[in-house]
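Both complexes shown next keep chain A, but they swap its partner, so chain B is in the first and chain C is in the second.
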Partner chain A sequence: MSAQFITSVVTLVVIAKLIMVSCAYLILLERKVAAWTQDRIGPNRVGLSFGVLPIRHHCWGAGQPLADGIKLFLKEDYTPPGVDRGLFLLAPVIVVVPAMLGWAVIPWGGYLGWGDSVLHVTAAPIHIGVIYMLAIGSLAVYGVVLGGYASNNKYSFLGGLRATAQMLSYEIPQGLCVLTVILMHGSARADMLVNFQANAVWNAVYQPVLAVIFFTCILAECNRAPFDLAEAEQELVGGYHTEYSSMKWALFFMGEYMHMITGAAFFTLLFLGGWDLPLLSEPLVGGIALVLLKTGVFIGKVALLLFLMIWIRWTLPRFRFDQLMRLAWRGLIPITLLVMLMTGVMVFLQQPAWVALVGNGLIALLAVWLGPRIPQGAAINRRVPLPGSRFCPPKPVNPTS
Partner chain B sequence: MAISCTQPWWSARSPIGFLDPSRERHYSLALIGLDPIHPLQHKAAPVPTLAQLMTADPAQQGAPLLFYACATLTCLSAWAIVFSQNIVRMSVYLLLTLMGAAGFYLMLQAEFLAAVQLIVYAGGTLILIVFGIMLTNKNPEMQLRATPMELGLGALVGVGLAALLILALVHTPTPGQGFTAVPADYQQVRAIGRSLLSENLVPFELAAVLLLVVMVGAAYMARRRAG
Partner chain C sequence: MPSIPAADPFSHYAPIGVLLLMAAAFGLGNLLLTSIIGPSRHGKIKGMVYESGMNPIGSAKRRFNVRFYIVAMSFLVFDVEIVFLYPWAITFPSLAPDSELAPWFLGRMLFFVLTTLIAYAYAWRKGVFRYD
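Take a look at the complex of A and B:
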């Protein structure tokens, strides 16, 4: 049994358990942040005593996730009649599994020096790390689509279809962002990308436009507001998970939070330098203490991004569907293509890295200047005179009757 | 043991990896993980491929098991596509078949191909599902049945394909006859990129143009029907 194998297994187990628990507490954080945004207090009643332990303090509601978990397990697991049973059961699983698979290639803690060998603190240090993350990320939408289809409910179904179009559109700029980063560094290996950034400056500094676009795509990929059209409760009852209850419903939610964590880790890895912190990057390989420290830095960055995601959700209103499509196809994709072209020319001419920053600035200015000048075409959201709608002209009265 | 970086983070002269001309000759090294700047290069063990990880020492006997798992998944779901009559379920089975094929690529150490298989075909299957739903829009319980003529044609194509595959199987060299394992530092992404842009440039560009033509044609037809 090789040392790398043991390291991989230990990393995988520790990270998986950590994320499982933090998913529950992310929900509490989400509710707290929502409360602060809306000038409320938020959940603060359920302490940790549960009527058994001698804890008198309310613990700021820290028992809420546990209580929610118990409640969800004990609720009736109702499968409505008329659903496609196989797909109905499969959908929540398909939502959760791809998010978990993504954690395998993230270099959480750099390298561990063990005797004479250098071990990767990653579950699977593979050559195509970043491309693997892209491939896995594209699978998650199946859960949403199949759940919506199998529910035999029009609103669920509409949610599923919306998710499909959204995911297909936002995967393109996301993939282009990843390609640009690979082009810049000449490697698709996750740990090498972090090394390059630790050796120099984080990618977010030199490619800020790319970083913002990638973050937007992550929000869209995990169906977070302002991109949560698949579960728009004002229009679609509950969206794609209307018909789900108990733990199946909870799995959808766990899937969403796990996707947030995976996406935030992906962003940290590509643009925020992974485990790198300015004064910490010096020893590349170290003992267990250093690895733990680096893992802590990585997790800290992920936590900051998660807070940012939650903050955005409770600040920005939801997009309309045509706005969503226009943002992807008229905004993000052309800009990303331009940035990629610029980076390619830069790499070919062997320019210093600050040229990328200048290029990013110029492209951002160009986009801001050109955006309002592009002909908009016919309004998609025009009033359609469907029979029965309030825009339908009144029926002509038949004079003979 | 602690190996320290030769340069502190703020004095790195060339922030973007291989742009420094003095490092240009090491460019190929950067791809396989031996970054010339880092002192790590002399210490780092070669990164195992996923196939090697999966067949790591404790699970050495597990490799055939993995193969049979992939094979079972691929074959069973392929059968299910043929015998299912619900078009959405067919698409899901197709997805499972494609994932089984991706598993084979992984076992053959073609990780990049496996990832591309997932990216390209997973997206494609998604489109299939949407089209399937739209086609069966009128009657969700619509059943797809094949006519005798279609059955005969299918059997003909199937037999031909089977003959082709058996022929290929017979002519494939087995490990004893010159089939060599992939070296540990083989850069598949680089090799595939090179071959696409040099030896196979014409088919690659032709396929791209063909796809573009198809897209323009589809958009044109959709527009005419709407107008």
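Take a look at the complex of A and C:
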């Protein structure tokens, strides 16, 4: 039992509890932001009194998450007879567990000086931190696929298929973004990446194109709008969780929100400098007060990103499936590859980091100019001109009728 | 920048095990609790597959469009490439500034990416990336 292990476990438990509570309140925030966007008031009926305590104020609906949780527990947990029972039960757990495992390597509060030793305020300060986050994050695909496949429902099956294709496609640009950040600093340790940014300028300043692409990929990875094709209500009812009820459904739901939190923390550590505040030079190692302050800064950045995600969801319309795949395969992958090659050459020529900013701008201009000019390639789908389909030639208009 | 030592291997990886236990307990505990607390009623109509109110036609385990298979194949090409590039990305910036190895490292990476680009251009011409 080393001091580091005890610090790690304390961080782990505190952060896990914090995220579980904030996950519940994130759902309330989502509903509130939706209401503000649509000029409504939002949930404000469930206060904190629950008919027992003498609190007369409505507390802006602060009791809503708790009431929702109790309601979900009291609902019937129904397993339809036709499903693949084992996989059906396991799928929600497989969605939640990877989302939670991602928190392990995030350097929440820098380092704690304890006596003459330096302790990481991270659950698991491993060498391959960011690669671990990518690896764990991509495991969540299994939960969605198994949930869709085991349900024995056509809506679920189609939702699962779509979700798989989407998550696989957006994993490649995400991986290339992480690769480029590693290439800039020569380390895959999460805490070292934050240190480099705290000593210089945030990566989002040097690689803005990459930051935007990475944010897009996070949205697609946790099936958020405008990429929520897998659960498009108008087309697929509930998508891969059509047949789920009660707490099993809630686990899928919580998995999505936990993925949002993990993704936002990942973005913060790669591009927004982790616990670093601009224009202030914090000491790298400090006492408990400094660690708490840094954790607060980190959580504040994550909260801002979460608000941005919710804002995007209630502002932008959903993509069509072919637009979604085209964006990933013909847009994001070539651009991230170009940025990666540019950064590699930059590192080789020992150029200062602001060259990356110029390169990013040039690549963005090139992509905007070249994108519409590249020929599309052959169509692989046969278009059958069935009457009534969109491939049917329009009927000649009869002028006499 | 002062160099911060990494922790010993046990402290590295043991907390991930603790978190895994916590996460699994959270998920399975929720499943168990809700199946104990909630009501349970069964019926023939209730057990039917939901298909917007129609009687279900056939099983859901059916053939699917081959384009999803192509997505998986092209994902493999790119993802394996990225996995091979991680060690390169970690070692390349820490080479000595005027090391003889640096051009070799860059050249190998460029060749490696070039092979993938050929595959990418081929797939593009074949219309693999058309989903309309």
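One rule holds for everything that comes next: the second predicted complex is superposed on the first by the 372 of 401 C-alpha atoms of A that agree within 3 Å, B and C clash if a C-alpha of one lies under 4 Å from a C-alpha of the other, contacts with A are read in each partner's own complex, and residues count from 1 in each chain.
Please note the rule applied: a residue touches a chain if its C-beta (ideal position, glycine included) is under 8 Å from a C-beta of that chain, and two chains touch if they have at least 3 such contacts.
Note that the coordinates shown come from a computational prediction; the quantities given were computed from them, not determined experimentally.
> Could you look at A:A356 and tell me whether it touches chain B, chain C, both or neither (first, second, both, neither)?
After superposition on chain A, A:A356 lies in contact with chain B alone.
> Let me test your reading of the model: by the given contact rule, A:G296 touches which partner, first (chain B), second (chain C), both or neither?
Touch partners of A:G296: none, neither chain B nor chain C.
> May I ask you to decide whether A:F321 touches chain B, chain C, both, or neither, giving the answer as first, second, both or neither?
It touches chain C, and chain B stays clear.
> Looking at A:H127, would you say it contacts chain B, chain C, both, or neither? Reply first, second, both or neither.
In the superposition, A:H127 touches chain B and chain C alike.
> Once the shared chain is lined up, is A:F73 touching chain B (first), chain C (second), both, or neither of them?
So A:F73 only meets chain C here.
> Please indicate which partner A:S156 is in contact with in the superposed arrangement: first for chain B, second for chain C, both, or neither.
Second partner only.
> After the superposition on A, what does A:S169 contact: first (chain B), second (chain C), both or neither?
Second partner only.
> After superposing on the shared chain, does chain C or chain B touch more chain A residues?
C
> Between chain B (first) and chain C (second), which, if any, makes contact with A:P208: first, second, both or neither?
neither
> In the overlay, answer first, second, both or neither for which of chain B and chain C A:Q4 touches.
both
> Per the definitions at the top, what is the overlap between the chain A residues touching chain B and those touching chain C?
Common interface on chain A, chain B vs chain C: 2, 4-5, 8, 111, 118, 120, 124-127, 131, 149, 161, 164, 168, 171, 175, 184-189, 191-192, 195, 199, 284-285, 347, 350.
> Please give the residue numbers of chain A that touch chain B in the complex, ascending.
1-2, 4-5, 8, 84, 86-87, 90, 111, 113, 116-118, 120, 124-128, 131-132, 134-136, 138-139, 141-142, 145-146, 149, 161, 164, 167-168, 171, 175, 184-189, 191-192, 195-196, 198-201, 206, 276, 278, 281-287, 290, 347, 350-353, 356
> Per the contact definition, I'd like the list of chain C residues that touch chain A in the complex.
1-2, 4-8, 10-16, 18-20, 22-24, 26-28, 30-31, 33-35, 37-42, 46-52, 56, 59-62, 64, 67-68, 71-72, 74-75, 78-79, 82, 85-86, 89-94, 97, 102-103, 106, 109-110, 113, 117, 120, 124-132
> Of all residues in chain A, which touch chain C in the complex?
Where chain A meets chain C, its residues are 2, 4-5, 8-9, 12, 16, 20, 72-78, 80-82, 89, 92-93, 96-97, 100-101, 103-104, 111, 118, 120, 123-127, 131, 149, 151-157, 161, 164-165, 168-169, 171-172, 175-176, 179-180, 182-189, 191-192, 195, 199, 237, 242-243, 246-248, 250-251, 284-285, 321-322, 325-326, 329-330, 333-334, 337, 340-341, 344-345, 347-348, 350, 374, 376-381.
> For chain B, which residues are in contact with chain A within the complex?
1-5, 7-10, 12, 14-19, 21, 24, 27, 30-33, 35, 37-40, 43-45, 47-50, 53, 56-58, 86, 88-89, 92, 95, 111-112, 114-116, 118-119, 122-123, 126-127, 129-130, 133, 187-189
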